[in-house]
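Some structures to go through are shown next.
After this come two complexes, each holding chain A, first together with chain B and then together with chain C.
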Partner chain A sequence: MGQRFAYSARRWLYTTNHKDIGILYIITSLFLFAAAGVLAITMRTQLSAPDNNVLTANVYNQFVTVHGLLMIFWVLSPLAFGFANFVIPLQIGCRDLAFPRLNSMSYWFFLFSGVMMILSFFFGAAPDLGWTLYSPQNTGQFSPAIGFNLGAGALILMVVSITMSSINFLVTMFKMRAPGLKLRYMSVFPWAILVTIFMMLYAFPSFLAAVVLLYVDRAFGTVYFSSIQGGSLLWDNVFWFFGHPEVYIVLFPAIGIIADIIPTFARRPLYGSKYVIGSLVAAALISFVVWGHHMFVTGIGIASTKLYTVTTIAVSLPFDVIVISLIETLGFAKLRLKAPALFALGAVANFIVGGITGVFLASVALDYALRGTYFVVAHFHYIMVGASIIGLIGGLYYWFPKITGRMYDERLAKVHFVLSMIGFQVLYFPMFLLLDMPRRIVTYSPQTDWGLLNLTATLGGLIFGGAQLLLFYNLYRSSRVGPPSGPNPWDAWTLEWALPSPPPPHDFDVIPTFQADGTIRFGSGPGLPNGLGHSNEIGNPNGSSISNKTSPLHHEGLSPWPVLMAFAAFIFFLGLTIGKPANPQPVSYQPFWPLIADGVILGIISLFGYSRETFTVHEDTHVESWPFKQVPNMKLGIWTFLGAEVIFFGVLIGSYFFVRTNDAAWPPAGSLFEIRNGFAMTLVLLTSSLTAIMALASARAGNRNGLIASLGGTLVLGAAFLYIKAGEWFSLGASGVFQNYSLPATSYFITTGTHGVHVFAGMCMTVYLLAKAIKGKYLHGDHTTLEHFGLYWHFVDIVWVFLFPLFYLI
Partner chain B sequence: MAMNTNYLYLLVFAALIAETDIEVNLSSIIASNAYVSVLLGIAATKAILIAMFYQHLKYEPKSLSSWVIIGLVIASLLMGLSFVQLHVGHP
Partner chain C sequence: MAVSSTQVQFDSLFGLFTYLAIAVSIIVFSLLIYFVVKYRDKPSSRQPDDTPILGKVPPSRGHARSVVVTVSLSTIILVALIIGSFGAIDNILSPPAPSQVCDGCSVLVTGHQFYWNFAYPNGHSDNLVLRVPLGNSIRLNVTSADVFHDFGIIGLDIKTDAIPGRTNVMWFTTYKAGNFTIQCFELCGIGHATMKGILNVVDETTFQQWYTHTRITCSPSSVAVNQTSQCTALLSDSSPSGLGLTPKGNVTFSTPALGYFNTRTCTLMAGTSKGTASCSVLYTPTAAGTGSARITSVYGGDPTQSDSSGNTAILIA
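And now, the complex of A and B:
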């Protein structure tokens, strides 16, 4: 028994297998779904009658906020990416993601970030101002609780997890598709995930930058979000630049699932599948220019409101195409009304209502009237719950047989569907009628006519919440005693259904080939239709050469380091955020140094172990990898990471510009920060870029001494840069610039500080590379690590190239 | 070949230093209105030089360069439209 437990614990803690990690994501997000749901039902109970006092205003606000944050960041996306983890490699015909250990680390960062968010309740108070965390209420002056800092730390960890995951999926989907699987042949679910990842990659760094700026404001007393020149308008911009794409980030995977389910159960190919994919891409691109419609009442200029009205209406058009395609697919279809199909259809119906009411809000006039009311709450819950959650539950039933190898209880699932849909409508439709009731209020007067509608909504909430207990029961029981499902219970067309249920650890004995005639072949076995409408016959999934034989590829697929690294980061951020207030006005906090030290030590040990571990990831050469055929996986991963860094620093620099152009009293160049310091640091960093590239040139030429000298030079120059920077900081500190920060000091402190952290990280990498070079590495054609380091180091140099004129010369 | 490459790296380095020198002395040459734009223009050319020759983007497939440019375009959108909000169309 003990041995079995130890084996099981080791497997689940150390696994790097995409299917295991997918299951971990799904189970964790379902638990957090239950937790966030309990918060919601408690809130609805409070609102069920006027002048109710089930919750105090303070606790109610915390519940509202954490409910929203958990549902959006720790339930919707992770559940979708649980499916993506399990299904995408199977659908595109590869054996795992490009970076399995990074995938494991993403999950553990996600888990610990969720733990940290829940812990925030136990440190004074959790964040309590709504999931949008608007400024200036988010500053230490108005939200002094330490729990808020924990919430900020949790969000940072969560974004780190998402960034790792995005890079991993992008590289996998671009570079590791089975031979013949051109991008245009992929079904809608992989496309939806690909487009979602694209949005995540470029939207989340903005959120990360916003939270970092907020955290520094709170921890060190800087004034980005408490100043008039920055304040609420700056927060609105950096938050909603991320926030609107985020709506599609949580919606698109559900659309992808629905677009896989409906053709399967309608027995017809998706109508206009190419237009659906095109619409997803179009909506993703437009989503980056619509964020201002969340700011119509903030006083942005008329030109801006016009622009955002047009873009917001424009972004609704691709969704029209998607809905029409889904409905057309149903035309003359002999629909099999199994639970996945029911949930998919329910999600489409809810999405139509949620989508149309969203277009109302694109109108400036209507937005002025409806903003901040329960009409908006109803609108986005029709999208978030009605379309996303209901669609994802459809996916849960759809892939349950594939994941567990067993069938769920169909009758119970149908009861679950009926109760969910009734509960959902009773819960949210009355909110459309509460269009004069402000959201986020803890109670209301009996003189209003809101009581009956609120009571109805609460009853709906209880029905909807209760229905989910059936889901949990069904999944738990069926995973143990459900009848065997066989490989393809739905007669579905996509590739995962050609594998046994559950699939073997290595997925494929033979990597399949997608044929031009629309079939999929395994070695010399017969072809299977690929579900894109080239053939209406259902293939024989047992016709492949797949077996349960375990491949040697995944025997060694366990690694302890990802979970340890994530735990180290958790400890570090806990130390950073649970410190007691050090200064009442302006508020600042004293970090808890022992925990920070523990986190750093554990992080170094984990990094060391991670780098020394032999973990082979096979890069197949005969795969479909357009448009990055000649770019190695790791290099594409690094460049993708740098793309996210561009947004991150872009937001930091943009924030600087924002307050700078908004502040007439900015000190002239050279009066606060000495030009000669900036000039010296620029020379030093540019020279370090030269030494870094010379290190690569030396390695290529097999010149050991040149390599060691160049890397040593890079390290010394990096240290010199930080030495000059530290001297400047001490000098400014001594002159009182950092007490009661001004905006110039705030922007300088945060922007150059963040850049300095990047320089320090680069120096740590240089120490590692130098140690390896001294042992004779990198001289025999194995210099790719040096090349990848160079990409990062030169990027850090490029950032400084812009910071120098911005802070020292303008 | 190695000598040629090293020579190119040194040439780029010289250009970067020269441009930095121009930046520092620019205020005495250019009138104030164009000053910021010219400074940022010089910074952009330095960044392009580093990306093209030190990060070898010049020798990479066009798809990779385009991938990098997407990030720049999105960051520019954020900055550009925020600027429009602040300074354009107010009564």
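And now, the complex of A and C:
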């Protein structure tokens, strides 16, 4: 027993298998769904009657904030990506994600970030100003609790997890699709995930930048958000540039699930699938130019508000196409109303209501009345709960047999559906009628006429919350005693259903091939039977045993380093954020050094272990990889990462421009920062790019001395850059710029500091490369690592090419 | 009966949105329900001949026509909504200039954790009540002294953000007398739920009689050190001439400059024209200082009339 437990603990902690990680994501997010749901029900109880005393304002504000943050970041997305982890490799015919250990690391970062967010309750107070964390209330002056710092740390860890995950999925989906599998052969779910990944890659860096700026303001007393020139509107812009795409990030996977479930149960192909997919792409693009509608009432000007009204109203068009296509799919169908189909249809119904009321809020004129009211709360819960959660639950029932190999209890699931839908409407519809009630108030006066509607909503909340207990019970019980489901209980056509339930660790014995006419074949055999059969032969298409040499290895694919690395990051950020206030005015915090040191040491150990470990990744199938045909996985991953970095630095530079244009009294060029220093640093850094190129050339030529010399040169030049930079920082510090951060100093320290950290990270990589080069590596055609390093190093140099004129010359 | 211009405007635009929303919902939901009921799996239902099967990508189906029709119909509706919204927003964001609104109808509103301050041009300031006249356009400059608030008046269907360092203008015309609740609509801290005020709409005569002005004149306006100047505070309400309510009570004088008053407080005496009153004190500077002395006079108000203040400068030779 003990041994079995140890085996099982080792497996779940160390696993890199996409299916295991998918299950971990699903279970964790369901657990957090319950936790955030309990917060919601407590709040609803408080609001059930006027002048109620269940919660104090202090606790209520923490609940309202953490409920929102948990549901958005730690429930909706991870539940969707739990499915994506499990299903996407199966659907596109590969054996795992491109970077399995990175995938494992994503999960553990996600888990620890969630733990950190919950821990924030125990350090003074959790964040308590709503999930939007508006400025300047988010600064140390107004929210001095240490718990807020933990919350910020949790968000940073979460974004790191999301970034790793998006890079991983992007590379996998572009590079590892089965031979012949064109993008247009994919069903809507993988498409929705692909579009979601792109949105995540370009939206989350903006959020990361916002949280980093905020954290630096809080920890070191810089003034981006406490100044009038930055303040509320800077936060609004960087937050909502991320925030609106985020709404679609949590919605699209559910749409993908719905659009896969409905055709399966209707027994007809999705009507206009290419228009549905096109609509997803269009909506994703438009989602990046609608953020101003969250700022309609901030006074951004009549022309801007009109423009954002048009873009926001226009974004409803693609969704119209999606909804109509889903409905048209049902025409002349043979619709089997099983639980997944019911939830998918219920989600469509809720989505129609949520979408139509969204048009109300897209109108700037109505927003002047509806802003900050329960009408808004009702609208976005119709989207996030009514469409996303209900759709995701549909996915849970849909893939449950695939994941567990067992059937859930259909009758219980139907009861769950009916109660969920009734509870949902009773919970949220009354809120549309609370047109005048402010959001996020802990209580209201008996003189208002809000009592009855609130009581109704609370009763609905209890029904909806109670119904979810049926879900948990059903899943738990059926995973143990449910009848075996067979490989394809729904007669679905997508590839995951061709495998046994649950699929074997290596997924495919033989990688399938897609023919030009869309027929899927396994090996040289005659292809699949017609899919109506339930025989095990489908699951084991040509009856072969494990033949691919990488498969057994991957079966054992356990690695302790991802979880250790995530744990190291966790205690590092904990150390950074749980420190006591060092200074009351402006508030700044003293980090807790012992934990930071532990985190760094553990991080170095696990990084070392990670890089030394022999871990084979299958890169076996990438025939169809438009548009990145000639690009190896790793390189594509780095490009993608640098794409995210472009947004990150873009937001930092944008924030600098924002405060600079708002500040009439900016010191003239050359008066604050020595142009000479800037020029010297530019020269040094550009030369280091040259030596990095020389290093690669030497490696290609097999010239060991040349390689060592040019890598050494790069290292020395990087060090010289940081030396000049440090000198500049210290002299500015000595002249008092550190003591009273003005906006020029704030923007300079944060922007060049972040860049400096990037240079330092590059130098660490150089040390590693140098050590390997001295041992004689990279000379025999194995120089791809050098190439990857070069990409990063040149990127960091290019960033400086932008920073130099911005800070020193203009 | 409507309570304000903003409510009338909101109701008509919200009505347009709601009617169209209901129409669209009826069409879409009927279609959805009809299809689900008609094509649900029952013993008599036919197996569709294009059922997707495992092992083959289903052929694509669906007409571009459907997309064109959906998008076109939606666009017609949405354009109507956009036009309606633009008309309304032009009105919302075109407040009358401070000079175009009545005396006392342009008020600075400042959000604080956790109350609203209303500062009138006459110097009157209140942390609870915003008193305005019926039938007039009211112009509010809204800002914040600390964090992000949102100033909303329940029932008037209008609000605007109160942001530190920024001033947003909001305006409306009052149609109905009475009290309305002012509330904060952006979570601003533990007192958010109780961050309320009262909009008190009173008839125009009551407002004009309530809203006083204090004007101060000093004669001579330029004196040498240790030479005395007589400062007179002239009180009036804002009623049309001849209809006013005569202010009663005391006026208090003060200055940050070096010098002394013969008395700091004087008692108002009714003036020659109805609705005015005045009283005087003597001021004597004792040092040149910055070359001028700013003299402030504050009328304390009474239950029917607002406090107000005025100031002037005496040049000191």
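The working rule: the second predicted complex is superposed on the first by the 779 of 810 C-alpha atoms of A that agree within 3 Å, B and C clash if a C-alpha of one lies under 4 Å from a C-alpha of the other, contacts with A are read in each partner's own complex, and residues count from 1 in each chain.
Operating definition for what follows: a contact is a pair of C-beta atoms (placed from the backbone, for glycine too) under 8 Å apart; a residue touches a chain by one contact, two chains touch by 3 or more.
Fair warning: this is a prediction, and the values are worked out from it, not measured in the lab.
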| item | value |
| --- | --- |
| Which of chain B and chain C A:302 touches, first, second, both or neither | both |
| First (chain B), second (chain C), both or neither touched by A:689 | first |
| Touched partner set for A:726, first chain B, second chain C, both or neither | neither |
| Contacts of A:582 with chain B and chain C, given as first, second, both or neither | neither |
| Partner chain in contact with A:643 - chain B first, chain C second, else both or neither | first |
| Which of chain B and chain C A:771 touches, first, second, both or neither | neither |
| Partner, of chain C and chain B, that touches more residues belonging to chain A | C |
| Partner chain in contact with A:469 - chain B first, chain C second, else both or neither | neither |
| Common ground on chain A, meaning residues reached by chain C in one complex and by chain B in the other | 233, 302, 306 |
| Residues of chain A that touch chain B when the two form their complex | 202, 206, 233, 237-238, 241, 288-289, 292, 295, 300-304, 306-307, 627-631, 636, 639-640, 642-644, 646-647, 650-651, 653-654, 657-658, 661-662, 669, 675, 679, 682-683, 686-687, 689-690, 692-694, 697, 700-701, 787, 790-791, 794-795, 797-798, 801-802, 804-805, 809-810 |
| Complex contacts: residues of chain B adjacent to chain A | 2, 5-6, 9-10, 13, 16-17, 20, 23-24, 26-27, 35-36, 39-40, 42-43, 46-47, 50-51, 53-56, 60-61, 63-64, 67-68, 70-72, 74-79, 81-91 |
| Contacting residues of chain A [partner chain C, same complex] | 56-58, 61, 64, 128-130, 134-137, 142, 185, 228-229, 231-233, 263-264, 266-275, 297-299, 302, 305-306, 309-310, 313-314, 316-317, 320-321, 323-325, 327-328, 330-337, 345, 348-349, 352-353, 356-357, 359-360, 363-366, 368-369, 371-373, 436, 438-444, 448, 488, 491-493, 497-498, 514, 518-520, 527-532, 538 |
| Of chain C, residues touching chain A in the complex | 6, 9-10, 13-14, 17, 21, 24-25, 28-29, 31-32, 35-36, 39-41, 45-48, 50-64, 66-67, 70-71, 74-75, 78, 81-82, 84-90, 92-93, 113, 146-148, 150, 152, 154-155, 157-161, 163-169, 181, 183-193 |
